[in-house]
Amino acid sequence: MLPYIARRLLATVPVMVMVAVVVFAILRLTPGDPAAIIAGDDATAEQLDKIRQTMGLDKPIYLQLVQWLARLMQGDLGVSLLSGTPVLSMIGDRMGPSLALALGTIVVTVIIAIPLGIIAAWRQGKLLDRAIMTLSVLGFSVPTFVVGYLLIYSLSIKLGWFPVQGYKPLSEGFWPFAQRLVLPVLALSGVYVALIARITRSSIIEVMGEDFIRTARSKGATERVVLMRHALRNAAVPIVTIIGIGIASLISGVVVTESVFNLPGLGRLVVEAVLARDYPVIQGLILLFSFIYILINLLVDLLYPVFDPRIRY
Amino acid sequence: MQAIVNPLPGESSGQASGELPSTVSAPQTASVLKQLVGTLKSGPVLVAFVILCVVILAALSAPLLGTNDPVAIDPGSRLRGISPEHWLGTDAYGRDTYSRVVYGARVSLIVGAGATIMCILLGLLIGVVAGYFRAADAIIMRVMDGIMAIPSILLAIALVSLTGGSILTVLVAITVPEVPRVVRLVRSVILSVRSEPYVEAAISLGTPAPTLLVRHMVPNTIAPLIVQGTYVFAAAILIEATLSFLGAGLPPEIPSWGNMMSEGRMYFQLLPGLILYPGIVLAATLLSVNVLGDVVRDVLDPKMAKKS
Amino acid sequence: MLSKVKRAACYKAFGISAAFSFASLVTIPAHAQTITAVMQSGLRVMDPVVSTAFITRDHGYMIYDTLLGMNEKFEIKPQMAEKWEVAEDQKTYTFTLRDGLKWHDGAPVTSEDCVASLKRWAQQDSTGQVLMTMVSDIAVVDGKSFKVVLKEPTSLLLESLAKLSSRPAFMMPKRIAETPASESIKEFIGSGPFKFVASEFKPGLKVVYDKNKDYVPRSEPASWTAGGKVVNVDRVQWAAMPDQMTPVNALMNGEIDFIQQVPFDLLPMLENNNDVNVEVLDKLGNWTYYRFNHLHPPFNNKLLRQAAMHAVGQDDVLKALVGNPKYAKTCAAVFGCDTPYADTYGKDVVIPSNIDKAKQLLKEANYDGTPIVVLQPTDLAMVAPQPIVIASALRKAGFKVDLKTMDWQSVVTQQGNQKSPSEGGWNIFSTYSTLATSGNPFGNTTVAANGTKAWAGWPEVPEIEKLRLEFARATDETKRKEITAQIQKLAIDEGVVGPLGQFSVPAAYSKKLTGVLASPITVFWNIKKSDK
Amino acid sequence: MIGSASHPRKPGPSSELRAPVLEIDNLAVQVVGEPPVRHILEDISFNIRPGEMLCVVGESGSGKSVTSLAVMGLLPPGSLRTSTGRILVEGEDVLKASQARLRELRATRMAMIFQEPMTALNPVEKVGEQIDEVLRIHTKLSRAERRAKILEMLDAVHMPDVERIYDSYPHQLSGGQRQRVVISMALILEPKILIADEPTTALDVTTQKQILALIRELQKKHNTAVLFITHDFGVVAEIADRIVVMNKGRVVEVGSRDDILAYPREPYTRMLVSSVPSLVPKQRAALKSDIVLDLKELSKTYAGRGFFGRGRSIAAAQGVSLSVRKGEIVGIVGESGSGKSTVARCVVRLQDPTSGNILVHGDDIAKATGSQLRPMRRRVQIVFQDPYRSLNPRRRVGDSVIEGLINFGQRRDEALNRARELLGLVGLSADAMERYPHQFSGGQRQRICIARALALDPDILVADEAVSALDVSVQAQVLKLLDEIRERIGIAVLFITHDLRVAAQICDTIVVMQHGRVVEAGSAAEVLTAPRQDYTRALIEAAPGRDWDFQNFRPL
């Protein structure tokens, strides 16, 4: 197990380096000049040149890359070109809301989607199944920002149950923290509930065709037991896989949700940094995202044996 | 079967193992078509089929459907409600919402179908190479991992600012992050088909690799790719909306449903129709595509059909 | 404070909670009065000398002070300066600082600091640069006073020291002001009415200012940047919200106090709300305009620039951009209407959309169908509609238009690209500016016409350059008006800049706030907040 | 040796007298769906008495499994349902019972064991827990009592180290052990009826023997009525008291073991019984022809993936040497995991041997790769086990047959002519060319595969369990065909099989493999009649029904 983890982590290094280099290249190919952004839109060419010099942006790209990598080796992600704040501390500042949003979304998704999927599989082909599946496709058909607006309009503005925006860290108490998370989490969960309910349903239906389900029935087990005890656990591996993929792809949804609900998270940071061409921040974030992505994949793989004893590392 | 001369007594076309009669035999072009037509007897499938046909027809014949120029602005009559001149009102530039919804079908379908086709073609090509040529596999899959690790939003914004917003840019921005998933799917199918006896038989008959792939292996990816395709289709149209929301989507001039919803979001409480009309059409289309995708999957994929 | 530390320590003990507490805020005492304001963008660049961004300028007015201020009558008044004396020959100005000025670190403000600040500012600022050509010396007289020696008399000195925007001549401690002008400062200490709370600064998200308790306001009533900057609240917190809906909803829900710029189309939501005031604070307002690229075909041809200016109508632009006529008006003046240098020349050309005239000019000029590249930013509401309306009008007139969409920052970068449109350059882009900035030939960079050295567009009209210098030297206001009228005529005739109309962006604030000042700069002094 | 199989046996009078525990009366099962009604079963009637072993035999498609599922009430609800008839379990009609009542009856009155012990057990649950589930559903025993009972049951099915087995997952057990677990599960509540659906088909012969013995033993002990479904007359001959022969959803004949095996009334039964290949090898003259295929010390090792160079490797074949002469059929026999298939796959180079030589007419193809290998491929061809997966379902038969010829540059029209000839050779008419594989039966498909393999005029034909998936009647025909082809074109055949009967029928020479090594090799007659090795002997002894001469309808 441990050697396996070690090997997997080791294997991530080339991927991360590749991602870092490619992103570096993409960024420098993208038109946009941090100097112009810093100076404002009526700066002269000479002023811009000076700013570029000061920030080392006039050096050849490969040299900038090497310097960045060299500093990275020492654990230094550099500072924001715009505000001069260390990238690491910016990421640290923004981590909380995103993490809370992501974890909340996963929990809510799992709590809602898996029972829905089980019910749909159980009533396969019946009205209830069709209703759930139609709802889940609808969940997949409405952009997150529309869901967000709808929630704000109905639950905040009209009913006044939740604040419309903002974030309070857990350190300011659970209620203020949770209250501000409910709507964003609900808005973001929509797509994932749809996705995971579907995969749960189809995985269970697939397992329901296996021989051991027939064995369970021949033991005199009720459908509930067959479904919950035998089918669900065997369907767990594909479900966990999709949840993993879902988490890994959460970042795009997070960007939108954080914008609509004004959560000061990483999603917004990445968009802001890209729009402002704040290279060190973007690079740091991409590195973080690819690491998280790899970590989630690893975690999912490590979870498999929990659900399926046949899988061992 | 009846027409086959059966030279030997006692041979019947039963099943090799297990005696449960299977309603499904190997997929056959003619029988697949027949089965697909047969599914239209079911109410929801028929509704889905009709909706999709209507949307496609509307897209094709947009200029004939009483529309105005969807790009023509008229700031003087902006944000109007439903009226005889503007069946669904106007947007913030005074453009006719009805015309934009109809023309938007073109763009949205192009985005959805284009991304789906690009994803599938690229995914197929790369997936086949990864699945068949073991030497390339490790490298390709690491590259795919890398692509998946880059948030698609970043890629989209980079592309839009690199080349300007256009349908092609948006297509590429949507396609690239989705390709690895298709690659994985194709690869897994190819890997599992590799050990099919008929593939091994072809190998021992000296069939060269390209022929082997095209003739014996790739056709097996079609059914799962169709299902994946419906997901990509839906995802593409939604991502396009998200990109518009972030200002990295199609030029606002071009009417697409995603674009319209994203532009209309400001008027969510004032003129909900701006989000509602494209939203309803979008949801109906995705629902239809999904239902039809499931149907095609059930017909093409004997395994799933048997289970259900 | 102690309790907060303890709590943080507790959270550290729980794995995940520790992550959440990364973003923990310093909790302020419940009774302390805080104004939460949503500004038009997030503050990222903090050096008001390096950047001309409005948010950076607004930030500057919070923590820095200026030697001179300007009031609503466009009069120049002392601010940090107690007084100034002008020598007989009108060439030597001696400024004396008033008593009680202190930097936020407690050190007294000295004339040395001011001299250093002035020098750094003048290196970077466009007006400052012109001014410096007329200055022979800036020197410390004593701890409280310094002098500026001119080569020839000019009113530009006082005007630029009182300059509203952007860049105002902010005063900083000498050690900070000695930072090279192209390098951003790293320490944010001023002598202004608010102190910057560095520990709470989240770039792009949140800026916190505490009341500067040591600030000694002037006794005159506050007016624009002049008069007494009396702070009545403990704290001002700026937030930036990426989605325009969010602040409007938040204000209606009582979660914030102030929105600097309310999107026009969302105004109806707030105007009907009993707890909210909607008010135009910047009475000067903004003007929006577009630029031709004078270097490349087809707009190196004056006739075609004229054709385009005839084609584009201000009404359509303003309707698309603003909608509500209450907040917009057509205006042909390149220095703005309702400003000292307002002028109406060219109103027949730039205000109506005259497609026929444009077509005729197009024919005359033998337009060869070269496509016009129009840059269109998609992510900024204040600049997104103009290119669409322009493109539509140009197409109607017979131009072939290629509307290139991109994010705003790309437009900003693209602007400076002098290459031909086929090589990635552009033909037209559009933006807007505050009239506080653009009200005279120096603040208004769009009228600079010194060819490739000029601002993006690079018009070359030597007469205008001559007139601008004359303006700098002129001290007589009537003479100046004559000069600006001539510039107006040339600017329109030569197609140096295409005015698209004038508009004011209303702010909205909770009725809990009183004493909100109308000013071209959003300022937070003088505001009181009731607890209810 | 199992029971008293060696002697013809009348059913005990005790079971004659008692009332049947299971009576199936005029049962019909139809496909759910629109008319016309398609019946899968029609007019099925038979019964079982306590303590009786009733074997239901039939080829695929005969409806024997559907019958058993109907008894358990486990017909797939969406596709099959009973239309007429009664199924009385101790007098109670299960077709009229509610779902709840059916659940009550399962495992207490009637229990079932299945063909595939791997898939019949929940792969993610410990086997003890799975047996426990039966007790939890049907009894009120405490946890400790249940555990004790389960351990006792595991002991009764002769499991070693029952505590460990209790906590094992299915994948940690061998096939035989898994089937014992399934049996424990079925019998722990001592049901009156046990339905065993091909319970030994997926097992090796030696294991099969043990499981059959176990079922017999437990049946005796509890006086259970066993409905034993099988296609294997060897097994039938071993264990049956009475036999039901089914074909195409109908009962062909019911009778005692001896009636059916010795005096079948129906021609179908007669054909079926006489098709069972004999274990007695045919006498053949030793061949002196040229050696076509010569394996020298062939080894194949699978490298386990390890970290830091540490890895396990599995030797699938070790130092295998054998030779095949022109016109000779050499059989490799062995149980699963013996390495026989690995050898076959190495010979056709679907796998790369780790070491050793594969000489085809003296040329070594063991190490050839790429362009060197390709011309050699036409000299060695293979026929696989599963006829349903051996042909590309999307291609016409003709295209499949000519694929090799086209690959080696033959013109299409010539190739098609050749294909017609070949199809004729394997007994199919030329119009088969235009059809798709799914339009053919398993046996016909296997003929097509043989035609395809022969198209390239190979020197060696490798048949990897080529008749194992076929029904006995079809099997006999395909074996005959292979033999004919060998006679006519003198091809060398490497014949891989687990079935000693098949090997006895067709092979000149037999090579016995175990654990990747050759245990014994010699002429078929030598190996099968005078085995030198214990393992070979054990294999022969385990072959079911070896005391019955099926061809001649009499005991040996």
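Per-chain numbering from 1; labels A, B, C and D assigned in written order.
Here is the rule we use: a contact is a pair of C-beta atoms (placed from the backbone, for glycine too) under 8 Å apart; a residue touches a chain by one contact, two chains touch by 3 or more.
Please read all numbers here as calculations on a predicted model, not as lab measurements.
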Which of A-C and B-C has more C-beta contact pairs: A-C
Chain of greatest Cα-centre distance to subunit B: C
Could you state the distance in Å from the CA-based centre of subunit C to that of subunit D? 86
Could you put a whole-Å number on the gap between the CA centroids of subunit A and subunit D? 50
Measuring centre to centre with CA averages, how many angstrom lie between subunit A and subunit C? 38
Two or more partner chains touched - positions in subunit A: 31-32, 125, 145, 149, 259, 271, 275
For subunit C, residues that touch 2 or more chains besides their own: 245, 379, 407, 409-410
Residues touching two or more other chains, restricted to subunit D: which are they? 78
Sites on subunit D touched by subunit B in the complex: 31, 40, 59-66, 76, 78-80, 248, 271, 348-350, 374-375, 377-378, 380-382, 384-395, 400, 403-404, 407-408, 427-429, 431-432, 435-444, 449, 452-453, 456, 469, 471, 473-474, 477
Note which residues of subunit A are touching subunit C in the complex, please. 31-33, 36-45, 47-48, 50-51, 53-54, 80, 82-85, 90, 92-97, 99-100, 103, 145, 149, 152, 156-157, 160, 163-172, 177, 258-262, 264, 268-269, 271-272, 275-278
For the subunit B and subunit D complex, residues of the former touching the latter: 1, 3-8, 10-21, 23, 25-28, 196-198, 200-208, 211, 215-216, 219, 308
Subunit B touches which residues of subunit C in the complex? 244-245, 263, 265-266, 268-269, 315-320, 323, 376-380, 384-385, 388-389, 391-392, 403-407, 409-410
Show me the residue ranges of subunit A that touch subunit B in the complex, using the header's touch definition. 11, 14-16, 18-19, 22-23, 26-27, 29-32, 124-125, 130, 134, 137-138, 140-146, 149, 153, 191, 202, 205-206, 208-209, 245, 248-249, 251-252, 255-256, 259, 270-271, 274-275, 282, 286, 289-290, 293-294, 297
